Every structure is written in C-alpha cells, then in structure tokens.
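Would you mind keeping the following structure in view while I ask a few things?
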Amino acid sequence: MEPTRLIIDCDPGVDDAFALALAMAAPEAIEILGITCVAGNRGLEHTERNTRRLCTLLGRTDIPVYRGCPRPIMFPEPTETKVHGVDGFGDVTSLPEPTFEAAPGHAVTFLIDTLMREPSGSVTVCTMGPMTNLAVAIVQEPRIVPRIKELVFMGGAAFRSARVRIADLNFYGDPHAAHIVVTAGIPQTMFGIDVTLECDLTEAEVERLEAVGSPACRILAEMFRAYAVGDRCVHDICPIAWLLDPTLFATVEGHIDVEHGSVLTRGITVARIHPRKLEGFTPNATIATEVERDRLVALLITRLAALP
Amino acid sequence: MEPTRLIIDCDPGVDDAFALALAMAAPEAIEILGITCVAGNRGLEHTERNTRRLCTLLGRTDIPVYRGCPRPIMFPEPTETKVHGVDGFGDVTSLPEPTFEAAPGHAVTFLIDTLMREPSGSVTVCTMGPMTNLAVAIVQEPRIVPRIKELVFMGGAAFRSARVRIADLNFYGDPHAAHIVVTAGIPQTMFGIDVTLECDLTEAEVERLEAVGSPACRILAEMFRAYAVGDRCVHDICPIAWLLDPTLFATVEGHIDVEHGSVLTRGITVARIHPRKLEGFTPNATIATEVERDRLVALLITRLAALP
Amino acid sequence: MEPTRLIIDCDPGVDDAFALALAMAAPEAIEILGITCVAGNRGLEHTERNTRRLCTLLGRTDIPVYRGCPRPIMFPEPTETKVHGVDGFGDVTSLPEPTFEAAPGHAVTFLIDTLMREPSGSVTVCTMGPMTNLAVAIVQEPRIVPRIKELVFMGGAAFRSARVRIADLNFYGDPHAAHIVVTAGIPQTMFGIDVTLECDLTEAEVERLEAVGSPACRILAEMFRAYAVGDRCVHDICPIAWLLDPTLFATVEGHIDVEHGSVLTRGITVARIHPRKLEGFTPNATIATEVERDRLVALLITRLAALP
Amino acid sequence: MEPTRLIIDCDPGVDDAFALALAMAAPEAIEILGITCVAGNRGLEHTERNTRRLCTLLGRTDIPVYRGCPRPIMFPEPTETKVHGVDGFGDVTSLPEPTFEAAPGHAVTFLIDTLMREPSGSVTVCTMGPMTNLAVAIVQEPRIVPRIKELVFMGGAAFRSARVRIADLNFYGDPHAAHIVVTAGIPQTMFGIDVTLECDLTEAEVERLEAVGSPACRILAEMFRAYAVGDRCVHDICPIAWLLDPTLFATVEGHIDVEHGSVLTRGITVARIHPRKLEGFTPNATIATEVERDRLVALLITRLAALP
C-alpha cells in the first residue's frame, strides 16, 4: 500500500512531540510532506523552534518546517497553557538545538501551494493544535477543500465527561478557525479530548520507553516526566495512530460544529449523532468514541523503540 | 422534623405526574403550598389542566393550582415535545376530568405573594419545567431571592454523556429564565438530565406498580406505558426524592450558568467544579452527580403504593 | 371624541414629569387609568415616589400609581443616569412629599388585569422608560397583545444622528424588554431620541413657564433648570403630545427591532424603512421622523399653564 | 514631497474604478506598489479581471495585480450586490480585455512580503472593499501592523443617516475582517458611507467627463451611467482624494469598532467620539465627517481629464 502523504500542523507541546515521533517512526506508512507550526500550547516562536529541535533529535532535518499563524483569527493574543513548561517542551536541556532553519514562506502558503500542486485527493492533513493555519488557508483559497484527501485531528469533545469542563484547548484556542475547518466539507475524523483522555502513560510505561536506551526514547521519556506534573495523556498521538491502525478506535458518524460566538461556551463541540438529532443535518465527520488504550500504547512504544 | 413547605412549579408531563404524586404521597415530609404551571412538555392549557386532573385523581383538590407563563421569556412560542402524547399525559382516558378550577391570579403573583408573606427562609421551591415563572417573579420582585429557603430543580446537564446532545428541554425551553434563576443567588440543588437518565423504570417495576391495584397506581402505570414509547425515565422525581432522602444522591459543589445568547449552544449548562476551573467563581450550586437508582425506585413504588 | 384611555409607564425623571403633567393637563383628551413605574433614570424607589410627588403637586392623588420591576429582565441591576440628580427629580425641595400610598399589587398585574378586563381595543399604553413592565406582562399573559389599542413610546433611535452614539437609554436599559415589546405585534408609534433631541426648551421658554406663576409651573421650571445642566430636551412629552395633536409630527411606516444579544451594540434600533430594506418584513411601527418643535413647545406651555 | 507609496485593496466595482483611475492620474503624489483584489461587489473572478481591464485601459499594465480572498472569513460565500451589473463594471463592452496576467502569488502574501520588506512606516494601505485580505494578513503576520504608515479606507458608517439602514456593504460583507483591521492599532482614516453618500455625480458632471473625449473618460462615463441606475455616488474615491488633498474633508478623532457577533446588527460601526462616550477608550481613528463635494468632484474630473 502507498504511504499516506501527510502534512502535520502542530503546536509542540510534549504530546505533539510524541505524535511527530510516532509519524516519523513509520516511514513505510506515512510520508511527511512538511510540518506547519501554530501558536497554541506556547507561542509560535517556541512551537516552531521545538519542531526543529525534535526533527534534529530524530535526524529528520530533511522535512521542511514552516512558521504559521502566531495568533488566533479573532483574538490578538493566543491562549497559552502551562503544563508544557516555559519552552513548551518541558524545559528539557538534553534536547539538541536545531541544526536547520525554518523553511522560507508561510505555513499557510505551503498548505495552499502543496494542496493545489499535488494531485487532488492525494494529500492528508493532520492538525494537533488550534486550526488557525488550515482555516486561513481555506479563506484564502477555498479550492483546496475538495483536494484534501482527509483531515484527521485532535480537538474538541463530542461527548463531554466529568473531567472536561467545556472545551478542549485546540477548539477553545481558536474557535472561529475550528468552525471554518470542521464545517468546510472535508472528509474528517475527529479525536476529541474525551477520547484522548484515555491515552495516559503509566510510570511503568515511561520506564519501558526509557529502557530502550536510544537518545530519542530517553529524551522523550524525560520530556514526558516534566509534562506529567500536569497531564499524563499523549492526546495528539491519536490521529497518527489511527492512520497506522484504525482498528485501535471505535467511531460513529455524526455532524459536528463549534461554538464561536459566545464567551460562555467558547469552543464547545456540538455533535449530532442520534438520528433524531441529525434531522436536517448531513453527517460531516467520523468521530472517535473509544480507544483500545493498551494496544495504542504498545504500538507507540514499539514504534518509538525503532527510532535511531 | 417540620415538613418542607414547598411550591412546585411544573409542566406535566408524565414524569412530572410521578413527581407530584410522590410529593403528595409524603405529607409528613412535604407540605405543598401550591402548584404553579408553565408551558413546557406541552402548552400551558394542557399542563395546567393535567395538574388539576392529577390532583383530582389523588384527592388533593385542596391544593391551589395556578396558571403561569404560556411562553418562554424571549421566544413567542414554547418548544414542545412529543413523548408525552397530545395532551401531555399520554392521552390516557381513565384519568378523571378535573373537579375544581385553577386558583385565581397568576402563578407569578402567587410565587411573589407567598414568598413575601411567609417567614423568610421558610419556603422551598421545586421546578420541574422551564424556569419562566420563577425567573419572571425574580425580575418583578427581586426581594424574593433571599427569602427562598432552597431551590431544587430538574434541568440542565452538568456532565454531558453520550446520550445527551446539548441541552435538556427545561434549560433549552427557556434558557434566559434558566440563566436568571441559577445565577440569582438562591441556595440550589441541581438534578441534571445526565443524572436523571439513570432513573428509568423497567417493565417489571411498572408491573409492580400496577399490581398495587389502587386507581392512582393503575393510572400512573398506564400513563407510563404510553410515555415509555419515547422515554422510560421519571426525571422529575429526583428533586422530590432528594427532599425525602438526600442519601440517594452523590453531589458536588460547583458554579453553574446557562448559555442563552447563542443559537448553536442554546441551553447548555456550563458547570465549573474542579478547583482550577472555579478560579474567580464562587460555587453557587450543589450538583447531583450520581443516584442510587434501585433505592430510588424502591422509594418511589413504596410511596406511591400508599396513595389512596 | 372620546378621550384616549391611557396607562402611562414611566421612570420619572424630569422629562417624564413634564410628560405626566402634560397628560394631566388635557383631561378632555386623555383619561389616565393608572401610572406604572419602572427602574430607569433612577432606581424604582425613586421613580415610584417621584410619580406620587408629582401627582400630589398636581392634585391628582386619585390616579393609582403602581410599583413595577426594579430591574431589567436579563441584568440584575438597572443602568442609572446622573442627569436627573440624586432623586431623579433634580433634588428640588419645593416639590411636596406624596400624600398617598402606591396602589396595592404589582404594575405588571395592573397592566394584565386592566387590559383583560376593559373592552378589547379600548386602552392605549404609553411607555417612557425601559419597557420591562410591559414586556413581562406580555410574557405572563400574551393575550393582552391584541387587546391593546395602541402603544406609543419614547425610546430607540431609528435614524442615528451625530449626537447619538448607539442606543438611547430606554432601549439600552432593557434591550430584551424592548425586543419583546416592539416585535409583539402591537400597533405602535415610536418617538426615538433622534427626534426627541429636537425638543429642547430654551431659557426664554423656561422663563415663560415660570412666569405663569402657578405652583406646578414654578416647580416644573425649577426641576428643569436642575436637569438642564446635562440635558435640555423634554423627550418624554412626544408620545403624549402626539396623542393630543398628531399633526406635530411627520412619520413613516417601517419595521423595527432591537439588538439584545451583543454587548457592543446593545439596545441599537434596527429600522427598515426603504422598500428594498423591507423585503421579507412587514412594517410593524409608525416611526416619527420630524417634529414641529415650536408648535410642540407652544402646546406644552399653554397646557401646563392651565394646571392648577 | 515624496509620493505616497500605496497598496490599493479593492473589489471593482464602478466606484472602485473611479478611485483607481484617480490614483493613477496622480503619479507625482501616489506611487501604486500593487493592487490586491477581493470578493465584494462581485465575485473575485470578476473583481480581479475588472482590475486588469482597467489597468489595460489606462496603460498601467506595469502595476502588479493580485488575486486575494474569494470569501469572507466566517462565511463560505460572499454577499454580492447588483448595482454594478453582471460583471461588476456595468457590463460595458467598450472596456478592453486585459492584456496581462494577474501577478503570481496571493494578495495576502504580497501584502505581508511588501510590508515586511519595505522600510517600516513607508507604505500606506488603502482598502475599498471588504477587509478580508488585510485582516488575514494581520492574522498570518501581525508584525506588519506597526510597519504600516497609515490605513485609509472606505467602509462603515460612524454617523448613520436616514439613507443608511445599518451597515455599509464593506463592513457588512466581512464584519470579522473589519473588526480585526480597525482594532489592530494601525493609524487609520475612515471614510464611511454617511460621508461618501455626498459624493454623487450629476448628469451634467458626467457629461463634462465624457466631453473630455479621451478613451478613459468616455469609458468611465459609460460605466458610470450603467451604475447610476442604482447608485450615483463614487464612494471609493474618498480615501484616494484625501491622500491628494486632505483639506477636502472635515474629520474628528474617535474610537471605532465593528459588530461581528450578531446577525441583526452585523457590520454596524460603533463610533465613540464625544468625551463622555470615549471614557475608557483611546481614539483609534480619524473619522471623516464632511466633504466639500464640489471641490472633490472638480478634483476628480480635472485629474481624470489628464489621463491618456
């Protein structure tokens, strides 16, 4: 089978780092055309540099890394979190400095140019942060929409649980972008935080990762321990894992939209799944509902162990 | 112990009928000062007449029943449902016609007059429908707010589950009223649909109820069977059951508000419970999180069996 | 011709005082059935007491005065202004204390009871403050809507001028109430602030009023001078003057609505008048566009001069 | 004096054509760095081609013309008008076909690249259509904001008149873009539709233009006559005329914002000008309040007459 030709849009972020590493560890299945960065877990200057540091660590300085939007569409400043440390990567000093520059041109231009140039239906996009870059690309050049093979993303919460107050940070961070993207008509598969909250790593599992002994695994384990003070879930690996093995997840078809007009409910996912709720709506998303956590973590560690 | 002196505000509705019957079946614990009706499950002309039919069935024609608001605050027409039949009571013909008239005066006036006249802190209010009546009473006479001992209500969904799309029908039906009431500063206990969805009655339990053989139990069982085509949960009994035995429920303290500005997320409960989410907010509600269903149903059937 | 049978809803306010006095000065044309008070220019405790002081001054202690809503529908506290002094009446000490009590019962109940009891189409309502009372009456008892002969009101701004930023204080003060009322389907004539800003009194005119020498005219002139520090326009007289002599005003037919969902544009009047803008809308209001100021002021002074 | 180095963003549109011609007719005062097109009066395929046709007519095929955003930020389709004919240029067949291609790359990229490359403070931007292109450029690269010397634009209505219902079409067409741009902190001068409505051309003036006899003047006159069926105002010339002779306009300083959350008041300008309304706000705009129409038209015709 042909590998998935993939553009990854991310805001690393420790769980983004795990997702990027997982994607790079599966070259027979995933061909990364480029990585576009966005403000999210931390400001763009951090997320973009973090991406290049990770690529340097994993020996993938061949992948072009693009600077994207440093702010959400309708707010002048991004909403930042604290669980990823000052630099967004747990302030781990053993991670190397980047040995290459960001690619010239803007992430949005790269998205548009690549999608308009490559054969229609040949490129998949995976977003793991606020959807600003893809949304702005759609506003600039809507003809990309029918050319995208599939969108897979981490974001939203179709089925809230007691642990999720309202919105996940990707939809909350840029609710207007999320609305533009999820209602654009792209075939899409959603991995919401209600599902990704199942994807925690135990200390035993982190030790197994560390015990692999490679620089990649040691440093990822170190980053994870810094991150684990606030969160133990590697949310962003879900859409990548789905590309590698869709049997890890249960899904349903439904219609999703994102609240972007109200302050009180900013970024809430409105998911219609039951036939009665879907009256008048056509399903626009495949929505992950469950994950086989143990198999997912096994896949993650096995794959990461194969990294140099 | 003194009985709870209670005003019940409702939109019967089959589950309202079970809740009213449960309250009437516990005269040593609950003194019903009056019942105020509102448009909700069905139009006001139905909900008000249904209330008097139920009082007639149960021999409680002494309780004053008041006509309330026939529409939500900001919408000219109520949102109606279909699960309760044409008349809102499953179109059960064995239910007697009412033998008494509605009390003169408006439900809102009754609420204000009673709360201003009775000793402050002596009257509890229980709402089981859209909160229009109580909200309008607060707008007309805000001095009632500190005089209410406690508000217990069925409505909202603090913790969505896969079975709840967005909003329950009580908050959805009049989101502005719900916002006015839940943020007014009244001590309140919320029974959201995520909890009341646990309160289904099995066919075996309905048969047990029917087997009691009294007119009340036979007719309630008949109404339930008509209602069970669309819903088997007796949602509205929860706040009444809580007044009778609070140990049936687990609760947490939190801050709640209701979305009323957006069409997309109309009536959504925004609940802040975890300390991090509560920053800047003072808890304003006790929120039911779990119910011991089997004990609840046992209480219901035992109490209803004692009705004439 | 039969006099107009009128309920006046107001928030005195110095210009409300002029409007009330003008109405009382025309008993052959206007029969005041009752006056309902609302929070607006000042809190309800002031506006209600001011109304009774004015009735006392003018010897009309026979008119029932009702306490209404002390807050807007969706905000817990009213928006107050400062131009009317601490007491809302310019803190004029020569105004007598009231010699009668407020009528029992709520303004909303009075509105509903009167409109349901009197022959349909026989009662006109005039509002000069935030529309909370009438809006709440409509929510409680929508059957009053087709029974109102006509609504005349001061509020809104169909045609903004450079002197009006966004919204007048009556629509701004309770935009939800204004939306409920103006879209209810009552035949209505609107006197917006863009028109009432033409109704200033010059110092020479105030001197003419004072020179009448009666207690009413002396005290009204004194109140006006206190108010004139911030505003010289007797806005609220317009709908009363229209009832006395409609030839004072030019009008157009149009459709009006009120913004109530946005903070930024709270209370803005959206008026559709030109045929192209009215596509899909049926005109719901007669909108005053111009006033013959000199004739209006002449009418005012002549009428007030006839007061005892 | 150095000429103003200008990027013009437009949606031609007949009045845009007059504005572009006026700018090109004043090469000693205005150096056009590029023209960026946006969907507005008509779809992007029309506005972009119209721009190149006009440049061809005026012999300015040296100016790079860029395709911009074909849709507003938050709506999948643009709002189109009908006054400019099917092609947006009055369907005038004497206008030549374009003899050059659109410049490669996106209008947004051109805006960002030019503003980041040229000396900070050396480039002025003039927008005459929905502000989508500039807004998206700001989201992608906020560092352009302090580098823009000045923004001059046609859009909004700070002081509504009886002829303006709510919003002008530029703010209405993309209210989110207008909000992003006008609150970004760029020094800006606004020419709202309340002022540009003064800029009508009489038939005598059109005849004077036609009598010049040059192809440019004849064809512009012909376009104007087609447009004049629905509108006689050359709105978009105002910001260009201001760059040529600011004494044509009276202005005030104020704070402006744009409603983008409400359907009812979509695109309304909220302008705070009086000191009392400005409390808590810092003026962010120079707002045109009046135009010397006769001098403006004289300038226009004189300048256009000098075109080849």
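First chain written, first letter: the chains are A, B, C and D, and each begins at residue 1.
We adopt the following convention: a residue touches a chain if its C-beta (ideal position, glycine included) is under 8 Å from a C-beta of that chain, and two chains touch if they have at least 3 such contacts.
Just so we're clear, the structure is a prediction, and the values are computed from it rather than from any experiment.
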Residue-number overlap at the chain A/chain D interface, same or different (half cut): same
Taking each chain's C-alpha mean as its centre, the one farthest from chain C: A
Between chain D and chain B, distance of the C-alpha-averaged centres to the nearest whole Å: 58
Chain B-chain C separation of Cα centroids, rounded to whole Å: 39
CA centroid of chain C to CA centroid of chain D, Å: 43
Multi-partner residues of chain A (each touching 2 or more other chains): 261
In contact (per the touch rule at the top): chain pairs: A-B, A-D, B-C, C-D
Complex interface listing, chain C residues touching chain B: 68-74, 76, 106, 108-109, 112, 132, 136, 139-142, 176, 179-180, 184, 260-261
Contact set on chain C toward chain D in their complex: 159-162, 165-166, 257, 259, 261-262, 264-265, 268, 270-274, 277, 289
